[in-house]
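Note that the chains are named A, B and C in the order they appear, and that numbering of residues resets to 1 at the start of each chain.
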Amino acid sequence: MIFVFSEDNETSFEILAEARKLADSSKSKIAAISFGGGEDDYIAGGADIILSINIEPHEDSVVEGISQLIDQYNPEILLIGSTKFGREVAPRIGQRFGAGCATDCIDFSKDNENLIVKRLVLGGRFIATQRFLRKPRIATVPPRRFEKNIDKSRKGEIIKISFYPAETRVQVMETKKKAPQEMRIEEANIIVSVGRGLKKKEDLKLIEALANVFGGAMGCSRSIAVDLKWLPEEHWVGLSGHKVNPRLYIAIGISGQVQHIAGIRDSRTIIAINKDPNAPIFKACDYGIVGDLYDIVPRLTEILKKQS
Amino acid sequence: MTVEIIVCLKQIYDLAQIKIDTSKRPATEGIAKKLSDFDKNALEEAVRIKEKHGGNVSAVIKGTKDAAKEALSMGADEAIVYNVDTDSLGTAYILAGVIQNMKYDLILCGEASIDEYSFQTGPRLGHALGIPVLTYARKIEMQDGDVVVERDLEKGYEIAKEKLPALVTVTKEINEPRIPTLMQILGASKKKITEMSPFKPDAGVETLSILAIEMKRKEVIIKDVEDLAKVIMAER
Amino acid sequence: MDFSFTEEQELFRRSVREFCEKKLAPWANEINEKGEIPHAILKEMASFGLLGITISERYGGSGAGFINATIAAEEIARVDVSMATAVYYLVEAGWGFLMDRYASEKAKEEILPDITKGKTFLGIASTEATGGSDIASISTRLEKRNGKLILNGAKTFISGVREATRYGGGYVTIVNTNPDLKNKGLSLCYLPVKDVKGITTSIFEQMGREGISTGTININNVEIPEHFLIGEWNRGFYYAMEGFNCARTLVAAACIGAAEKALESGIEYIKERHVFGTPLAKFEGIQFQMAEEYTKLEAAKLLVHKAAWMLDQMYAENRFSIGEINKAVATAKLVAPTTAFDIIKDVLTWYGAYGYTREAGLERGLRGVYSYIIGAEGAQNIMKIIIGREILGKEFAPY
């Protein structure tokens, strides 16, 4: 049996779709674990069983609850959404069962009966292939990595579980909303960067709006920082500016001079938006779209906003 | 009250210096090692708590003796080093074995090491020692026998309180680790370093290979903004 | 024999590098463009223990030996290749050390703590209009009149004149105390320059290292207290030679630091930059040049590190004669600036048109390092005279 859990509903569906492929290849069943109700769609998402626990998820209660289910059902595999919440509960469960855990797995496959996972290591420049030495095999799965797959015709069973956890010792006193954070550009996971294609300083807000959709950092080419001084030099990406290595680098209206390309070389994925089809950036990107940034960026921002 | 603090640290390669060898594996020979970044935040926080409340800071380090010197230079009072390669499960076994014989009120860890980014050691160690865990702290306050932390979660900040002893993992926002001065480095040479060689424990995960991600760019031209959005959602 | 640094020295290098990359590097452009090192940065360097690093702990220094001082000089010059910050650092480290050794207790208590706090500046005032390297011809006079010390004369091409008159501080000043005795008639004193009656200054526009000023100090009947005499009367020549050995070692270190950084960036660039579909690094014309420059840099480094090590051995273990030290320092100071100049020039050339821009940051390194080819802290030909004298004997000295 494969257990799937995330306190984030969307992530649960994404993992279920990936778990389905693993389950089908080994003819095992998938149990989606749900805390606090509202779980009916997990069957459509790919689960065979829903184990529905009658309490709200908290780190301690989830560790306790899933552990009891592991004792009862003895699953081969436990897939947990790699949110901050999931990254805490997965290793705690692992330690309880003397089992390993692979964090942020981006690829799953089977080798005989064992589960093989791939994950990024050493600053995201290398990919590690790992297998599990004991059970349950626990892996966390990054949100938005896999596509969900809803099939309303799928049938399954819901098992209600009453669970009375020991009272959690942690006392939550207050919660506060987050303001968009300032971060150092070298440490950013996502950088939205702009170049000479921008016509005036005020238009930076288009770029900022796109960056804000996923809390990305703003970068720029030499001309924006040095010549025009529209952004401080902290944002300057390039060999003489800052060398960056984000997961995703979006170059908007940046032609792609060699000094700039050298500064973004270590990025995992580079996307280019430029109206000049011959701009050198298209030879240095993974995905490119030819067009006017004033047309593309606002539309892109809108679409991404809806999906986030 | 004074606070007995244990900080767990890992020595890692300077990632920026790692090159790729001809068989696409990481080439680490001759590359400088340093304490992992967030672990240094944990140590800095421990030293600040000690400076405010008094007490003692012990560093338990996976690495070599020069990592111990770095930690002592940053303000740890003593260091224990071991150098056994294992996974997060094994690391928690080793750390728990070392720490269970020590006196502590508070254990601090970085939220993750920057080479592996597994986020596991803190939560696992807390479980192994049977003490509560508070993750992703960007602020820590000591309040007579309790620790109050501000946790940095996806959607907001959560202020949570817990009785000591407890384990807290910290984020990089919590402080700016001090850079040891020459005087601190030379002063640290008088502090105690204990080298341990624990048994290699059972691991839960085995690494089969580590290979460089192909740097060849795909150079795919997309026509439609909708498709571009999909690519971004998948790659983010 | 052991060519490796100790664990503490390696740790110190990493520390200084982290400090410089975080705190100093963001200001490198501004230091060059505005022609000054922001005082706040100097204070930050001081609180990290970099300023007056060789001065003993009781005056707020770190009591560093010259290997550690060399490491810091290299690291500072790596991030500010213009040499400006390195110059500020190394004159204080070199001459602060000398003051710590020979100045009166009262003078040290008055002067050194402000240096190590980054409040005031300490420099060296040796050169006069008649020349710099030939210090036996120094004519600035120090006289005792009624138990007071009175100075008259003029010093020129002096580093840090604007800084010293703005922030306070002064100079280890080489003065003539007995015109009949040549070398043996020189003395050393500390000369404050801020708001001192009889002191006037002027500043030169220079071709490089804009971040630290160079100027002239005119000294007209300036009275200093007796305890500002450094060491013994008429022994100044020997103290000065000792101070020059310290400062020259650090000059050489700064040069190789700047060169090392330039070469690293050049190596990255030639791998990245493609011409005719091939990386520049694949062309032998470039690759062989790179190999040669790397080798020269390694050779220069070894000379510098050996000189620093010998100084430490001399001060801590009483090893090596003055002659051996003079020779080792002179060879390091002879080789390092020219090596650095050649390396930076080659890297600039690899960069092509971009190398010629200010933004590439190489031209300022070239201009900065050139000051040490011209002769700051001793001209190249003087180094040769020293080496020649130590090998052939004093009877072959040209003076």
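The working rule: a contact is a pair of C-beta atoms (placed from the backbone, for glycine too) under 8 Å apart; a residue touches a chain by one contact, two chains touch by 3 or more.
These numbers come from a predicted model, not from an experiment.
Engineer: Which chain has its C-alpha centroid at the greatest distance from the C-alpha centroid of subunit A?
Structural biologist: Result for max centroid distance from subunit A is chain C.
Engineer: Where the centre of all protein Cα atoms falls, which chain's Cα centre is nearest to that point?
Structural biologist: So the chain sitting closest to the middle is B.
Engineer: Report the inter-chain centroid distance for subunit A and subunit B in whole angstrom, where each centroid is the mean of the CA atoms.
Structural biologist: The answer is 22 Å.
Engineer: Which integer distance in Å separates the CA centroid of subunit A from that of subunit C?
Structural biologist: 52
Engineer: Find the geometric centre of each of subunit B and subunit C from their Cα atoms only, then give the gap between the two centres in Å, rounded to an integer.
Structural biologist: Roughly 40 Å, centre to centre.
Engineer: Residue numbers in subunit C touching 2 or more other chains?
Structural biologist: None at all.
Engineer: Would you please write down the residue numbers of subunit A that are in contact with two or more other chains?
Structural biologist: 265
Engineer: Can you tell me which positions in subunit A touch subunit B when the two form their complex?
Structural biologist: Residues in contact with subunit B: 59, 83-85, 87-92, 94-96, 98-104, 116, 120-134, 138, 144-145, 169-178, 181, 187, 189-190, 214, 247-248, 250, 265, 268-271, 273, 282-290, 296, 299-300, 303-304, 307.
Engineer: What residues of subunit B sit close enough to touch subunit C in their complex?
Structural biologist: 32, 34, 65-66, 69-70, 73, 179-183, 185-186, 189
Engineer: Under the touch definition given earlier, write down the residues of subunit B that touch subunit A in their complex.
Structural biologist: Checking each residue of subunit B against subunit A gives 13, 15-16, 18, 20, 26, 87-89, 92, 114-121, 123-124, 126-128, 132-136, 148, 153-163, 172-173, 202-213, 215, 217-223, 225-226, 228-229, 231-236.
Engineer: Quick one: which bits of subunit C touch subunit B in the complex? Just the residue numbers, please.
Structural biologist: Residue positions touching the partner: 7-8, 10-12, 14-15, 18-19, 22, 48-49, 53, 57, 62, 64, 68, 72.
Engineer: Would you pull the subunit C residues touching subunit A in the complex into a rising list?
Structural biologist: It is residues 26, 29, 265, 268-269, 272-273, 354, 359-361 of subunit C that touch subunit A.
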